[in-house]
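Next come two complexes, and both contain chain A; in the first it sits with chain B, in the second with chain C.
On to the complex of A and B.
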């Protein structure tokens, strides 16, 4: 009744910006759009610059407009990059794919199982374990690099593929997310039903629970993939052989040698541009799951 | 159900135990710790493989030359970013862990830091090394002895300084090429009147500033074997700081951040006319300012007193042998070959423009030729002359990273008008002493 009266009695004054309610004013909407527009530009301009820079040869790079094309040398640059130093760049890209792909996959499997166990099984010290893992989220990976190096030195595993891969398969954030998600999306009844039908715990997990947790697992995978791909400090500390470098570290080491080998400037730029392509692909492919994943938990 | 859970738990426990056992199994026996056989410099029995870390481009090809001729002493090259870009950091962690490589590239200004951390073998126990002293330019040898009786590396390259200048612009505007710093200031005014800047004052390249101090026989550090003396505000330092302060105050020099695109562009567009730089700067100009090909020349550095002949140095590095190596003899053999043999020096010069630290190296055929970018001038003759004029006694301190950072911060303020270069040096003097004390390094005050 009161609602009706209010609506009926609404005057033009009530619709002015001062009126309450979820409806936004054109002004604030416009402001929001402008702010978003500015930030979008702010994020996209460096990528645009990178793309433009990778299409130029060395002379044009310094002398022509930084945000617009000069002579188109993109493919020639890519060709040079891929053949420089026996194609070491391709090797670095494959290494990165190896570290990030395998690392993220294993991290997801472990984090998923761990989070599931924490959510669905009752055992002594469960909260203590969980809180410890949660504490792990707060420790920056950089702070762990040096202790890890000393540990790996003890077992003579520095400067190996494993030195970068093994620390990457740990994802405290993944465990956290998996636990939250599993307790919200995997009904106890379903697990019980599985047990009654005689399925083992492992089988129940892999055939039923894991599928229900898929959106969360995809999210964990994506997060972990990106953070391993971008991880720089760990390879810097662990690796000495060029053949083992991931692409970020390889490009960085080129970048520190610009004074001696000027042509590296072009390679670093083209190399950086190419190195973000796999990340973009991963995002586009998995985005559907990802949005789904973040949304599902919140609405339930 | 209870069964299953127990099985899983036992399984996990078993797996981790296995993993642990596997790890420790791999570790024992191969751990060579920090305590090598340091005292003796005797050949090892049997074949030896040396690990060598360097960021010099193309160094692996040079090592391949060695490997071909020395099947019993093989060298494995490992690369990474340049020293301050991360490789020093990894040397320090490897020393800490006891698995440093046998040999490593270390720039002169970082050698003292490694020595203070007890990370280097003293090579003076090796006869070959001691005998090689005569082959090197005297001041480069001073850089590796660190003012002591020991030898903590084999000099590799050097960076004698000279004046790169735009001969075309100087000529067109009827300005004489300066031979003293006084003339340089006069030229700076003339260049400013012509719409350019005589040079760029870089707040990042403290090494260049130190080079100017070095040229005037100034000294920032000294070490009597027991204590370090820090003297960033000494007489010569003060003279140099006041000189550049004046140029800054009168807006006679540009202040672009060094090594950026703007900086390159300032040279490429002819806005900046000269650069007091080291021999490797030849390459920086030709790559950063490609449009100015043929318009540059090289002259000896301006002097503080007319008629003097003194040069500064900017950069240069050595090959050091790390504590804990089991093959001191073989390591020094390789280091000496790398830095004294014509074969290696030629290859290094070709792949990375390495400018040798030996007197014989300065006569390499590749260093006698005219350089096209510099209008065909035989620029290396100028640098060879400069190399002989560098004061041999200049010493770097053990905490240069911090000193550079502090001086650079202060210089940045000076450039924006919030302080002076001299104040920056005074502040860095204090913080350097504080850092030394914090690391328990004895300082004389």
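On to the complex of A and C.
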């Protein structure tokens, strides 16, 4: 369906007339540009400030113009950050990458398979199953954090890598999206053709259907990656040893110690900046997939 | 797939259907093994990390701890709705619920209003440089809530802020303003995300739909109000439901703000209350809080969905 969305979008954009009556057009063009310009500042100035702040040493941070460069200390700051406390920051970044990367990958594989089965096979209780999963979309992840903690402590697994990773592998939203997309983009004839050729159902999925579902699967991966990366309650409640923290929780814990250890301020700022730059770049590169996926979810 | 293949498949399917005309009435589910393989992993995980935790929370919320005397061994016994009675008597919890509802009533319409405005401008012919604005507005969504809160916390702090002229006159971290300062952080992160959902729905409207309106001499504003907004109602509902869920679950931003402002208590939002209660530790009461909050979220989203759908159908 998102394929349809994209093509329809492109034509709609091309066909719209560029102006009606030159006078009104200039006026409304100006107004639109001013609105968007002001909000561009609102959205980008905080990030710009964070970048500038991470290029300054502690003295300059408070005394120089906050929105412009003073002495360039960026690499010195980064070097200090990476070596502080035996390089715990690097550890946090790798943890985040592990939780979000592995978690989102497995979540996508499982949700894709399940959504496909719901779209392409008839079986008893299918709609009841799907409605249960749909209810799962409305249950917020934070509501599950405490019961998960209680359960994990029953089996002595709190404060482990698994305590954060395992719950992240479930994506009801991924199943929902995969089902919609598979119904629209994988023709029944294709599956029948696979059967005629003697391929097993599972093989047909992994060699053909999954490829057709790729745009949806990429979207599911992105969504799950971001929600794991941003998840705060689960690490907060599960983890005690800082070697296991994801980067967001690590920075949070530094931020709470600023009163006792003021030099952490630079590390918090530089660390925050370093952790969002790769994400922002990845986001901007992958924006096309976001838009398609979001459209798929809402148009239905 | 080639044309012959299609024909072959269609033929094959037709033939099979022809041979057993009544097979739709009563037949064993075909491909059971494949269905089990496809749905198995997700089902197991969904059961383990969604359904069982929910059930476990409900069970825990029905227990109470009893002691033999003051120093006796604590034992867990079934207490019925005792914990829920405590929930309803817990004033800080209901204050925190009131706080996030107030937050949501103000923040969600502002955020979605802005997102709608930006999406309509991106979709209208009056704006140049669309690609740039789309990227710039979406960029904050890449910033996790914790980090956005840390960043804005510094921006609000009187001595650290680059806008000292403003922050020395207005105390954004004061008890009166801090809720709205947090609302600003949430808005900053999520406007672009919602804008993109609405924008993608606008792109899906075929261009022919506008032609009649244009012949009738309708301007861009009229087209937006009478055609575009009604047509993207499903997308607006979706963003509203996600925002309602997000508001009731507010945690990371206010938790971070505790280190910037004394006005944010440990029970500032419902989720913070749950965390604080579980840290005491009073897991049974915390479980009851969780159940109440999850139910409230679910009911509110569900009711909103139903009400808006009925309206859209009328």
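The rule is short, and it goes like this: the second predicted complex is superposed on the first by the 248 of 300 C-alpha atoms of A that agree within 3 Å, B and C clash if a C-alpha of one lies under 4 Å from a C-alpha of the other, contacts with A are read in each partner's own complex, and residues count from 1 in each chain.
Simple rule for what comes next: contacts are C-beta pairs under 8 Å (C-beta built on N, C-alpha and C of every residue); 3 or more make two chains touch, one makes a residue touch a chain.
Bear in mind that the values here come from a model prediction, so they are computed numbers and not experimental data.
Touch criterion not met for A:288: it reaches neither chain B nor chain C. Touched residues of chain A were counted for both chain B and chain C, and C has more of them.
In the overlay built on the shared chain, the residue A:200 is in contact with chain B and with chain C. Of the two partner chains placed around the shared chain by superposition, chain C is the only one that A:111 touches, whereas chain B remains out of contact. With both structures placed on the common chain, the touch criterion links A:150 to chain B and to chain C.
Contact with chain B, but none with chain C, is seen for A:261 once the two complexes are overlaid on the shared chain. When the two structures are aligned on the shared chain, A:44 is found in touch with chain C, with no touch to chain B. Of the two partner chains placed by superposition, chain B and chain C are both touched by A:236.
Contact with chain B, but none with chain C, is seen for A:158 once the two complexes are overlaid on the shared chain. Looking at the shared chain after the overlay, A:253 reaches chain B, while chain C stays out of its contact range. Residues 61-62, 66, 121, 146, 149-150, 200-202, 236-237, 252, 255-256, 258-259 of chain A lie in contact with chain B in one complex and with chain C in the other.
Listed in rising order, the residues of chain A touching chain C in the complex are 4-6, 8-9, 11-13, 15-20, 24-25, 28-29, 32-33, 35-36, 39-40, 42-44, 46-47, 49-50, 53, 61-62, 65-67, 109-111, 113-114, 116-118, 121-124, 129, 132-133, 135-136, 138-144, 146-151, 166-167, 169-170, 172, 175, 187, 189-190, 192-193, 196, 200-202, 205, 226, 229-230, 232-233, 236-237, 248-249, 251-252, 255-256, 258-259, 268-269, 272, 275-276, 279-280, 282-284, 287, 290-292, 294-295, 297-300. Partner chain B is touched in their complex by these residues of chain A: 58-59, 61-63, 66, 121, 146, 149-150, 153-159, 195, 200-202, 236-237, 239-242, 252-253, 255-262, 265.
Chain B contributes residues 1, 4-5, 8, 23-24, 26-27, 30-31, 53, 55-57, 78-82, 85-86, 89-90, 93-94, 96-99, 101, 259, 261, 264-265, 268-269, 280, 283-284, 286-291, 352-353 to its touches with chain A in the complex.
Only residues 1, 5-6, 8-10, 12-13, 29-35, 37-39, 41-43, 45-46, 48-54, 56-57, 60, 114, 117-118, 121, 124-129, 133-147, 150-155, 159-163, 188, 191-192, 196-197, 199-201, 203-207, 210, 214, 219-220, 232, 234-235, 238-239, 241, 245-246, 248-249, 251-252, 255-256, 258-259, 271, 274-275, 278, 283, 286-287, 290, 293-294, 297-298, 301-302 of chain C touch chain A when the two sit together in their complex.
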